[in-house]
Amino acid sequence: MAQYDLPLDELERYSPAVDCPDDLVPFWTATVAEARATADAPVVVRVETGLTEVVVDDVTFAGFGGHPVKAWLVRPARHDPAAHAPLPAVVEMLGYGGGRGLPHEHLRWAAAGVAHLVMDTRGQGGHWGAGGETPDPVGRSAGVAGFMTAGIDDPHDHYYRRFYTDGVRAVDAVRQIPGIDPARVAVTGVSQGGGGSVAVASLLAMAGDDVAAAMPDVPFLSHFRRAVRLVDSRPYGEITQYLSVRRGPAAEATVWRTLSYLDGANLARHATAPALFSVALMDVTCPPSTVYAAYNAWGAAAAAPPRKRIDVYPYNDHEGGQAYRFAPQLAWLRAS
Amino acid sequence: MAQYDLPLDELERYSPAVDCPDDLVPFWTATVAEARATADAPVVVRVETGLTEVVVDDVTFAGFGGHPVKAWLVRPARHDPAAHAPLPAVVEMLGYGGGRGLPHEHLRWAAAGVAHLVMDTRGQGGHWGAGGETPDPVGRSAGVAGFMTAGIDDPHDHYYRRFYTDGVRAVDAVRQIPGIDPARVAVTGVSQGGGGSVAVASLLAMAGDDVAAAMPDVPFLSHFRRAVRLVDSRPYGEITQYLSVRRGPAAEATVWRTLSYLDGANLARHATAPALFSVALMDVTCPPSTVYAAYNAWGAAAAAPPRKRIDVYPYNDHEGGQAYRFAPQLAWLRAS
Amino acid sequence: MAQYDLPLDELERYSPAVDCPDDLVPFWTATVAEARATADAPVVVRVETGLTEVVVDDVTFAGFGGHPVKAWLVRPARHDPAAHAPLPAVVEMLGYGGGRGLPHEHLRWAAAGVAHLVMDTRGQGGHWGAGGETPDPVGRSAGVAGFMTAGIDDPHDHYYRRFYTDGVRAVDAVRQIPGIDPARVAVTGVSQGGGGSVAVASLLAMAGDDVAAAMPDVPFLSHFRRAVRLVDSRPYGEITQYLSVRRGPAAEATVWRTLSYLDGANLARHATAPALFSVALMDVTCPPSTVYAAYNAWGAAAAAPPRKRIDVYPYNDHEGGQAYRFAPQLAWLRAS
Amino acid sequence: MAQYDLPLDELERYSPAVDCPDDLVPFWTATVAEARATADAPVVVRVETGLTEVVVDDVTFAGFGGHPVKAWLVRPARHDPAAHAPLPAVVEMLGYGGGRGLPHEHLRWAAAGVAHLVMDTRGQGGHWGAGGETPDPVGRSAGVAGFMTAGIDDPHDHYYRRFYTDGVRAVDAVRQIPGIDPARVAVTGVSQGGGGSVAVASLLAMAGDDVAAAMPDVPFLSHFRRAVRLVDSRPYGEITQYLSVRRGPAAEATVWRTLSYLDGANLARHATAPALFSVALMDVTCPPSTVYAAYNAWGAAAAAPPRKRIDVYPYNDHEGGQAYRFAPQLAWLRAS
Amino acid sequence: MAQYDLPLDELERYSPAVDCPDDLVPFWTATVAEARATADAPVVVRVETGLTEVVVDDVTFAGFGGHPVKAWLVRPARHDPAAHAPLPAVVEMLGYGGGRGLPHEHLRWAAAGVAHLVMDTRGQGGHWGAGGETPDPVGRSAGVAGFMTAGIDDPHDHYYRRFYTDGVRAVDAVRQIPGIDPARVAVTGVSQGGGGSVAVASLLAMAGDDVAAAMPDVPFLSHFRRAVRLVDSRPYGEITQYLSVRRGPAAEATVWRTLSYLDGANLARHATAPALFSVALMDVTCPPSTVYAAYNAWGAAAAAPPRKRIDVYPYNDHEGGQAYRFAPQLAWLRAS
Amino acid sequence: MAQYDLPLDELERYSPAVDCPDDLVPFWTATVAEARATADAPVVVRVETGLTEVVVDDVTFAGFGGHPVKAWLVRPARHDPAAHAPLPAVVEMLGYGGGRGLPHEHLRWAAAGVAHLVMDTRGQGGHWGAGGETPDPVGRSAGVAGFMTAGIDDPHDHYYRRFYTDGVRAVDAVRQIPGIDPARVAVTGVSQGGGGSVAVASLLAMAGDDVAAAMPDVPFLSHFRRAVRLVDSRPYGEITQYLSVRRGPAAEATVWRTLSYLDGANLARHATAPALFSVALMDVTCPPSTVYAAYNAWGAAAAAPPRKRIDVYPYNDHEGGQAYRFAPQLAWLRAS
């Protein structure tokens, strides 16, 4: 079935009860504090790309555990950090399996006068595109090849704890770079990068260092229990495969407990930044109801409800809005 | 089989005898002359994109039959046509089913200081990406939905006669735009756009208006007879499907005759521009041997053999080199 | 899921509100009138087939725009038009991608003493079977290869306006051929031909030239909006693909407006002929609910409700009743 | 959809009305009586396997029609039938398409001190694993290759009447073998073997020769009408395919009448043995609701409701619990 | 690869050494003699079809083992057996899984003035189309569902021994029906029916009762050993599946020995009738080289080489020439 | 194509030149020595399984880096280590993605009077079956999810260096357990376990601690370069995917260099134990030629060529001989 999930009007009011650990906030504030404790200043090295209208820096910052994480920083060549007003910035996290690729793949924000930090994804980068270069020095539990069940036995060990923390540290890093306005840093990303954006904005809100905007597209990593009941596609299907082997209520309880710390539908409640989401109604990778679970939760725990909007693509699968996202995001960023 | 075509050393010397019509050159010089006769100057309208480092024009030029064809022209904002030296330019033709999309999808050449004309594809644009806007006002013969057999009964009526001519006219158009250096216009494209680049460079060589460089990636539209024997994927498979219905030697002769006028392996012999090709050895859409058929023929009929090179991606399917193509192409362009 | 659509009892009373343009009837009466204005008498040429019990004519009639459309007319050899009573006739429209093929593929009606006109489908005929020969001289808008989105921007330009009109003109043509009883002409067809039958019977009812019977099997081209929400198969999926690229409410509104003029669920309301439908409950190409949308609407706007029946195949996919349709259709025809 | 059937709480109380023939019990008691009338004692031949801790017998017993059916009997080598207490036994029926294979594939019950009779499946054994050796000497009606529609015109002729009866006779056989305790014989099996277990336990209850326990896993052969509406996978899909060809209400009535005699949801009502079922909620071969139809019916016609339990695997497809089934089954067997 | 088998020039001279049993001819002459010994005259019952230009008889004849086999006999209504010269006839055998269907599906030969006997296929008829009605009263060995390995242990027991013999008996039957010219009976069929035609013509040549012509299209059942090495599609793949389970040289030797009696490449050597074959070069069900193995062997053992021709469809899969076959077959028949 | 690799006679003499590092032997002897240096004695804990004829121990030994690796040790209950002669033992490594599962899945060797150590696979165990419990505490380079490219940049870091070393340490461990005869330990496994067996036997031969026999079935991890050219299936396809992203000669050279240290075709030259291989000619996961590359190299560097044999399964895909392997392996073990 093409539009296989709930009808749009039900999606718009879909607010499921997702199991949430009592110590969600302390878990994450401790995680962020610990990561920041190990941190050095980012290393920023100018690279030669042949491009004349933008300049590109190879940025290495200390992510989770102090592990080095790579990023590209792309900025307008016309901008002189010493002379001009600092630039707003967008931190982008990437989709499952990909890496930061090559600098000229990331020109749209700089072409609009916005600094753009593209964060590499640890341990990924070999599935598509032009690759990544950031290893993940942490080992893995017995499980399914892939990242969804790596460290599934304990939220402290889970791969996505590291990924989210890397994202927080990417924002920290760009805020320290001369010529960037630390008050105008937004987060964005598609799919895994969208889920990462939800998480990073939420964690920074918890930490009192909110971003200026969050712009997640077709976000992954939300409402896991519904996702695995609804679709058997990857990467959510890695959970299914794991539970199909590690059978029984005890293993299941462990899995759901660990994932509850990582669930965008739990984290988003703590967000406070203005948020522009997008969702695709034929998305069989990130089911629409799981996206709405995060969107409808966004800012629910905030003192004042943040401004938010979700753009709906009724006829798209997981590719969602693609290039059509840039214009509304640019407008959103300028208004934030 | 992953590398299913000939081994690399055989590919490198693969020069098949492809049936070539005696009147190939007059057919095309007449076609080009006829198209130019109907032509008005391109209409160039500046568009608002929110981008600050590049400027974008919506270009409409008269293609085959004088039909209006759309294009984006993307240039560095820093470049003042009135004051600065004219820019080199790259004309890009697009892959099967796609359209020119949105301007911010086409920033890499402008970011390197090169004007970039992205030609819409007539009648296509609905299959992927952000779409196209150029209709094809010519009707179609009875056949397979798709473009490979549209007008198959006569080379004069075939869809790709119009597509190639549109490409020639795109080069003509960009050469007329103030601020562009008409002597430094290159053509490029991937797949259908690669086949188009082969053809356009060849037709312009026939017409004595050679381009500065051709940079086709994993080009389609070459050595049709081998392609259909080797793969059953689309779009070459449209020919197979057509011949599976329109059975018999007479229909087959008609098909091969028409396609011989459009075959990159025939046209490339007449090319004279320096050419940088790429090929992927696991490409099941455009088999490597059909790419080499065009590459090895490149410039064979020229007085002096042009400079040429082919970059090989042994482990890629039709995606080929993707982002890895930009650096060598930029270097090639600067050296041409 | 095998029977994935509504349960049968809900299907039987399924009467969705399909957006219907106010000017539906004038749109079509003008279209038919305009086509008839350009019309010459059909050209009928006897062909040699080796068959002894039937005679076959190659018929060329003026369809939409006066464009020549081919058809086979197959009749019993025993029938002498000069001496015998005129024959009843069946006009058949064909499934997506096919053409009129070869005469000996169309013997069942003639073997039952009924004249049989098999109308070729313009621009199609290359996908399966023995092919077609009728070009479509009208160009196409930018879109998806295929016929569902050709001319989608305006109902006047849409491919299926031409296809329906060709069908009306096929009935007009057969009524002019000596030996055929103009009062006993029925329309039939499977899938696209079924949708065509629904439309042609409806348009002729609007024009006051009703057919004697309509016998659509698993008809396509009805209740488009539900179809694309329910299935992603072709050809309805061409609409989905188009809207997945041409994103946004404006494009969507244009699409649904154009298709509302072509929607069998709107047209069928105006039908007045006795109708024998069939539907398959596991049909993933033409969902059962879309078939019932046309069937339940059949004759709703008529002064007196026409006789109608729908035969249900609970365990069939889009092949439906196949050869089992002939006996009930022959009985229906004889009773009409 | 991954968990595509009813939610678990609805499954737990799912008790559909399945058409049940009035003469179900006499049909089966006569069938069993007739088979027993032709029966000789099983032929038991010790085979050399290289195994030292178990002994293996090649058993041939008279199944339906007195036809010879093969089985392996695997027992602990330490057990001396002459000196020790007789052993409990498990009779296992096999999944669709398989055969008894090789003796060392069947060690788990013997390793736990339980005699294990693995019954070959007549006419099957060529689809997977190590094969079978038992022909089915009865011919077949016109139909679908496979066993689901073989003899579909009459319950007396249907393949599964023979299969069920073979299973009853396998229990009869093992009860006659020295060293086996006839009062402690259980039946088990996966999929087709699970459906067979349901049937054999039910038929033996009808015959007053109840088994000690039934342990069906993901049983097939239950609630056929719902199965074909819900899934199109094999083997239930053989029914669909048959009805897609043999169209019409008469053929359909014949099919459902024949299958009603074989339906686990009808037979299970007559069961009286303690039963341990398992079900997988993502099972697209044997839909969960059809498994629950048998489970919820289990013992419904019994004077006293038998002890029963069903273990649920929420994340498994048709593989279900696999190796995880052995521990609970061993415990169940020891408690029965 | 689309044309995956040998190149056409190698196919044309492909004459593999296929293991042939010494007693091939006596095996078959005894088989035919035995079948004829049990035979009664065919039962011919006129059926009402609603057709006026043809008459249809429901024919039941005694096939292998004297088992009743159904057929349709379709003849021109204009033909009066009592008054007119007897008709030539075509006996058609059918493709794998199908049955004789409905009479109006078989009109082309009668429409050309030729009597047409369509033989039902025992035990098949449930896979596609409108079905069959002939059971196969013989049981089956343990094996793969399907007909390719039914009775594989002994050539006397194999399903295709019965199928071929039914075909011989169908020719015998039609020759006994008043109004048919026994000297002008041809055999034809597609795929399994093509393989049957090869066999029946060969067996009747052995028996000294040759047919007037054989017209097999894309014949199955030839050069089994190469087929299973080359393709894994069904039905040849049933052999592969069987041997993948029944592993080892002994089982393999049994399989190849049994099939050598049934191999069209062995049988065709004994044919003497003029033969019109067809082959499709992209056929992945019946590989071209296996078709040529039968074609190139045709008549090799004959005193005088029979007239033969093979029509090649280079771009077709197993559908081959379809409707395009009728005209050349009609011409061949009239010339034979 | 079903048998898509070289013909059997070419396979039998297939000895490709595989790039081999000069320091292969020192690399591995150092690796083994280093692992042994960190080692403690294995921890052996008796577990309760409900089985009466075998006893099961949960073994934890120090693998690569001293990391704890789990295994099951299954032995006949009748064997009294204190009183009886020590048992021969088989160490089994497992297929890709699986884990040691549950003890009762591993009964065949113990049932034959042989101790059986089933080694868990670090970091795997979530893909199929009943799972594993051994984490891999080493992190991973940026790459493809899965194990084939984890640590691909350096042979010291590669996942399979750890896996092979774990296997060596498993043999070391079992040799230390009371009741096991250290001189009669064999290694075996299927696919990844087969590749592991090749490696472990080779490394132990290098170390002067040879095993009594190696019995690899359809071994993986051999002749990588040919494998990726020939098939695109997983897990070899992980290399292809990695190289399709990490494009260019430098990355490729790194990959092939790292893998050359792990290549079974290089390691097997150093083996000295008697070896019983098996291969399947339709295996599209581990192509036959890559299996023969290891088999034909087996013992090539040995002073005296070891006894070896390869059993061929012509009609099997990667499942190979399955249960048919046990009898020849048991015979081989008893003869070794």
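We call the chains A, B, C, D, E and F, going by the order they appear; numbering starts again at 1 in every chain.
As a convention for this text, a contact is a pair of C-beta atoms (placed from the backbone, for glycine too) under 8 Å apart; a residue touches a chain by one contact, two chains touch by 3 or more.
By chain, with names taken from UniProt: A, B, C, D, E, F = Acetylxylan esterase.
Treat the numbers as computed from the prediction; the structure is a model and nothing was measured.
Undergrad: Which chains make contact with chain A and with chain B at once?
TA: Intersection of chain A and chain B contact lists gives C, F.
Undergrad: At the chain B/chain E interface, shared numbers over all numbers used: above half (same) or below half (different)?
TA: Mostly different residues form this interface, as fewer than half of the numbers used are common to both chains.
Undergrad: Which of the two pairs, C-D or D-E, is linked by more C-beta contacts?
TA: Higher C-beta contact count between the two pairs: D-E.
Undergrad: Can you compute the centre-to-centre distance for chain C and chain F, using the mean CA position of each chain? Integer Å is fine.
TA: 64
Undergrad: Using mean CA coordinates as chain centres, what's the chain D-chain F distance in Å?
TA: Taking the mean C-alpha position of each chain, the two centres sit 38 Å apart.
Undergrad: Centroid of chain A to centroid of chain C, CA atoms only: how many Å?
TA: Here the centre of chain C sits 51 Å away from the centre of chain A.
Undergrad: Where does chain D touch two or more other chains at once, residue-wise?
TA: 129-130, 247, 324
Undergrad: Pairwise, which chains touch?
TA: Touch list across chains, by label: A-B, A-C, A-D, A-F, B-C, B-E, B-F, C-D, C-E, D-E, D-F, E-F.
Undergrad: Which of the residues in chain A end up touching chain C in this complex?
TA: On the chain A side, the touching residues are 1-3, 282, 313-317, 319, 321, 324.
Undergrad: Please output the residues of chain F touching chain D within their complex, sorted ascending.
TA: That would be residues 50-54, 76-78, 101-102, 104-105, 107-108, 110-113, 129-130, 322-324, 326-327, 330-331 of chain F.
Undergrad: Which of the residues in chain C come into contact with chain A in the complex?
TA: So the residues of chain C touching chain A come out as 4, 228-232, 237, 240, 243-244, 247-248, 252.
Undergrad: How about chain D: which of its residues touch chain E in the complex?
TA: 97, 99, 120, 122-147, 149, 241-242, 245-247
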